[in-house]
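Provided herewith is a single structure, encoded as structure tokens, for subsequent inquiry.
Residue numbering begins at 1 within each chain, and the chains themselves are lettered A, B, C, D, E and F in the order written.
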Amino acid sequence: MQTHKAKRVEITIEAVMERRLAESLEKVGVTGFTILPVLGGSGRSGRWSREGQVSRASGMINVVCIIRPERLDSLLDAAFGVLDRHIGVVSVTDCEVLRAERF
Amino acid sequence: MDGILALAAENLISPIILFFALGFAAAFARSDLSVPEAVAKGLSLYLLLAIGFKGGASVAAHGVDATLIMSLLAGLVLSFVLPFVAFGLLRMITGLSVIDAAAVAAHYGSISIVTFVTASSVLTAAGLVFEGYMVAVAAVMEAPAILSALWLVARAGRPATGSHGGSGRGLDAELLREILLNGSIVLLIGAFAIGAITGQEGLARIEAFIVAPFQGVLCLFLLDMGLVAGRGLRDTRGLLRPGLLAFGILMPLTGATLGLVAGGLLGLSVGGIMLMMTVSASASYIAVPAAMRVALPEANPAIYLTLALGITFPFNLTIGIPIYLAVAKVIFGG
Amino acid sequence: MDGILALAAENLISPIILFFALGFAAAFARSDLSVPEAVAKGLSLYLLLAIGFKGGASVAAHGVDATLIMSLLAGLVLSFVLPFVAFGLLRMITGLSVIDAAAVAAHYGSISIVTFVTASSVLTAAGLVFEGYMVAVAAVMEAPAILSALWLVARAGRPATGSHGGSGRGLDAELLREILLNGSIVLLIGAFAIGAITGQEGLARIEAFIVAPFQGVLCLFLLDMGLVAGRGLRDTRGLLRPGLLAFGILMPLTGATLGLVAGGLLGLSVGGIMLMMTVSASASYIAVPAAMRVALPEANPAIYLTLALGITFPFNLTIGIPIYLAVAKVIFGG
Amino acid sequence: MDGILALAAENLISPIILFFALGFAAAFARSDLSVPEAVAKGLSLYLLLAIGFKGGASVAAHGVDATLIMSLLAGLVLSFVLPFVAFGLLRMITGLSVIDAAAVAAHYGSISIVTFVTASSVLTAAGLVFEGYMVAVAAVMEAPAILSALWLVARAGRPATGSHGGSGRGLDAELLREILLNGSIVLLIGAFAIGAITGQEGLARIEAFIVAPFQGVLCLFLLDMGLVAGRGLRDTRGLLRPGLLAFGILMPLTGATLGLVAGGLLGLSVGGIMLMMTVSASASYIAVPAAMRVALPEANPAIYLTLALGITFPFNLTIGIPIYLAVAKVIFGG
Amino acid sequence: MQTHKAKRVEITIEAVMERRLAESLEKVGVTGFTILPVLGGSGRSGRWSREGQVSRASGMINVVCIIRPERLDSLLDAAFGVLDRHIGVVSVTDCEVLRAERF
Amino acid sequence: MQTHKAKRVEITIEAVMERRLAESLEKVGVTGFTILPVLGGSGRSGRWSREGQVSRASGMINVVCIIRPERLDSLLDAAFGVLDRHIGVVSVTDCEVLRAERF
């Protein structure tokens, strides 16, 4: 089956920043992404878990964004502008996609 | 004094406090007891809806008290002012940085609706009435403290949230909208308005949902709060230097004192004064932490969450509320 | 006419409508107020269980009415026929493609159980009784409309779901099974059967769960519906051309008229006729959208969801139901 | 015998059993009816809180019976002993390996709190009282069986959980802590203690939450249990050889017999004896499976889950409980 | 530690298609996969979120499937057969796995 | 934008083993990870789903761990020590990260 080269960007970011990230991505023309929930984790600021939490303050989300390689840089710029002084992690992986016309 | 102790003792063996203690202990013992996030959120929606509606229906029943507007204004002022008091106290007795101190201060100027709910349960159990609009006062006190805290940071020469850097944010319209329209404020005020509009007739239709089972739902919610508070405290014990600990207890007492003065000047009922003390003494752990993560991301969340949820909330629940009631009774109770 | 307006006004200030409006407004104001998905599903399970059981218990109490079978048949026929009416109307007044029009038509042939629940609450509040088996009529009306819609697409020369392509699907046994055994049908009919079997004795055992708190739970659920509907409408405003908007209001009125005729011919009570009008007027937003995603993936979900949930549901809730009641009363009420 | 059948028949048409059956049937028919995980957990928290609290409040009301300590001890002994009986039976009539047999045995030595809850509902409906502390007996029976099972594996020359390999685990302090402090034990005993401390006064405050709606919540929970059990059974039908099937029915009868003897020796009320039979007959499906995944990961979970949830739970619910009640009545009822 | 080359396929697909995808995968012999929940996302058809939703119509799931490289093609064929006229995204990444005998 | 080479390790493991895995990772100095919930899946032991489940016995979680390449081996050792006789899957992908100082 015919596949095409693309980049898979996964951004783990604080839930409170979701709207700002989405808007920032849209501004640079990235309109395709999928948001996965996060249960908990661990980092320099210690362990955390969403169990029993009501406030959105301590939650994170995982934003998966598949794009054409040539658009990676503007995406990373946009993401970095939001991450900035916030906690969060960005990873970029090479991948192949079906239906390239969608990206 | 004896009366206070007796009241405190009685309060301590109520199911709601004991379920909080159970959660707290279970977290410390590292039990895997836990309430799913969705259920915790569902319970909190229920509590906000119920307490808001009942407040509104009570206003509808007793008419708009002349002091309603004054009380709302007093709440606004208190919420603006308390962060300055908290900030001063913090800079005096703890080594917190300006940003951390301002973030903590925002929490103590705002309010904890569950503390309010618990206090109103204690009043009901004690057979005391209170002004129905106190729930609206609590609602207006949620947000102003955040602005005071951001101003404190800005004054210290540090832009609250970076117009520096690429993203060009700031205490922009967007953040302000988020703060003022956060879910708990909207539901609390919305339910209050609906209660006020539909009055006793509306209450009659949903009473079996929001009145009778209320205390039981509160037990389950406080079990969860105990679990979350206990887990937080367990994981951040190292953080709590004596200065912070002292603040976590002194500040609610200070807030309560200001609330007492305000309530007295307003001429509220004993129950109303006690509630004004309670909200002033309480610290936010839902709306303000979320706003701080956006506006002051450099502030350490472990500090403000541990103080608000791990120290001040249990303090108010177990010791503070009975004290506030006793003091209000001694000074203003016939 | 005056009576209708008065009734509408009274209906509009009931807590359930106001909580829907609160959710709607909160979504438009972009508040972050939200109900967790799991809680929303839990509430809907509760409503289905309660309304089904009560219907069954009522049938057990009042005996099987001679018109029960006829009413079920009428429901079946209406659900099969309404999509054709809707399809015709859509092709006349909107520019929708065959596939989009058929998908929308399926929703309007099927029913919205929350609209039914709200209508039955209004009846209860108005002191009117209705045939307990109307809930079973609502249940049998969920699925047939889907078949009509798929037939409309097939007739237009477009295989409903690709025997074309590799996967070799189609309106196969699998899809039919999924449609007929979708969760809400199964729970509604199952609870109805259990209510009918255990009767008043069974009702007595779970009454405190399914009767007393019902209205309150409905408020919370409608708050959520308001949030979802408001969010949907906010995000798809551009889509709603005048033609579609007109359809979203004309179609329920058309459906209600057919329901009125059917209910009248069946000789139902005024309450029963009003419910027959309501289910005919209502549009599905749970079962049918899911079936359409499988069977007609090319149809644009934004169109049918916005129409059903954003236009017709609020219309029925606020204006439709009081009209249907008033009309039923005027024509058939003693 | 006739009496038993009549009782069984009556029990079978209660709403709680019928909702279980509905879930079971829906799962077999591959309906997509489902209860969200968070809601199922929330319901189970509610049931544990309610049943624990009511037990404690009942102890507070009736005073500490002389046989309380003896009953707790009997429960402990039964939970330790039952796994040996189960293990022997399994090795006799099934071809299970030592590890699988031990894992299954642990489940049957422990208890199912929903089975207990259902049995106590049946007692209440039948107008029989029982010792409030039976819920504490159930709680102490949760864990010991796990130790017996691990001992059985160790004896067979297979270290329970690998000190072999790199990770150096074992039935270490950590696992023991996890077992003893698992969420359901902590909540059950905690709520029991709170009920005992706050007594009738505490009960009065949360009665509307934990008493009146209890049966209804149980219906919803059993619907979910039916769905989960049905799904499990559907997916693992091949697994259930006649030997295993026989065990799933013989073992509860054996357990119930031992419970009958214990209850009789203790001099419990008829209701108490019936509950002692029920817990002995029931098999865990929450706490023990989780412990087995940690301690005996090689044991096939499909076997123990299918037996406990797919065979023994429905058996007890529908046939077992009425039998236990009838037998207890015939032998010990005045 | 010894690792082995494999392919990590992540399929974001409508929740209503879950059963069909699973059956299609099983038909070509792919029996190992893990399903992650999805909170929301954005695409050509706009933004969506599961918040407060009751219907399964608008939900998606994320199916992760790790396989030996030589089986990739039949997996993609199977997935594509189901995706077909449906919305959804497929990405393939090179990865290394422990315990190769499991795949 | 400047990125740095890293490894993305995704461990799908039984939920009951979460604490043990976390402790094991911390012991080898891995303190950064994110935990995603898992809805269900399929493997040699058949299909499973979390729907309506109360017991943690049958659930899994997905632990994502991004690390510097040189620390991969000790991480895999630690993970393998816990996985051991348990069911579960480990995949390792090459990726690029922003803000390398965080890993």
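The rule we apply is simple: a contact is a pair of C-beta atoms (placed from the backbone, for glycine too) under 8 Å apart; a residue touches a chain by one contact, two chains touch by 3 or more.
Note that the coordinates shown come from a computational prediction; the quantities given were computed from them, not determined experimentally.
**Student:** Would you mind checking the shortest number of contact hops between subunit B and subunit D?
**Tutor:** Minimum step count, subunit B to subunit D: 1.
**Student:** So the centre of each chain is just the mean of its C-alpha atoms; given that, what is the distance between subunit A and subunit C in Å?
**Tutor:** Each chain reduced to its C-alpha mean, subunit A and subunit C end up 38 Å apart.
**Student:** Cα centroid separation between subunit C and subunit E, in whole Å?
**Tutor:** 34
**Student:** Which parts of subunit A, given as residue numbers and ranges, touch two or more other chains?
**Tutor:** 36-37, 47, 56, 77, 80, 93-94
**Student:** Which subunit B residues reach two or more other chains?
**Tutor:** Answer for subunit B, listing residues that touch two or more other chains: 32, 34-39, 41-42, 212-213.
**Student:** Go through the chains and record each pair that touches.
**Tutor:** Result of the pairwise touch check is A-B, A-E, A-F, B-C, B-D, C-D, C-E, D-F, E-F.
**Student:** So in the complex, the part of subunit A that touches subunit E is made up of which residues?
**Tutor:** Counting only subunit A, the residues touching subunit E are 1, 3, 6, 8, 22, 26, 31-37, 61, 64, 66, 93-99, 102.
**Student:** Quick one: which bits of subunit D touch subunit B in the complex? Just the residue numbers, please.
**Tutor:** 36-39, 41-42, 45-46, 49, 53, 177-178, 181-183, 186-187, 190-191, 193-194, 197-198, 202, 205-210, 212-213
**Student:** Residues of subunit B touching subunit D in their complex?
**Tutor:** For this pair, the touching residues of subunit B are 13-15, 18-19, 22, 25-26, 29-39, 42, 125, 212-217, 219-220, 223.
**Student:** Which part of subunit A faces subunit B closely enough to touch in the complex?
**Tutor:** Contact set of subunit A toward subunit B: 14, 16-17, 20, 24, 45-47, 49-58, 77, 80-82, 84-87.
**Student:** Help me check something: in the complex, which residues belonging to subunit B touch subunit A?
**Tutor:** My answer: residues 34-37, 40-41, 44, 162, 165-167, 169, 174, 224, 227-228, 231, 235-236, 285-287, 289-290, 292-294, 297-298, 300-302, 305.
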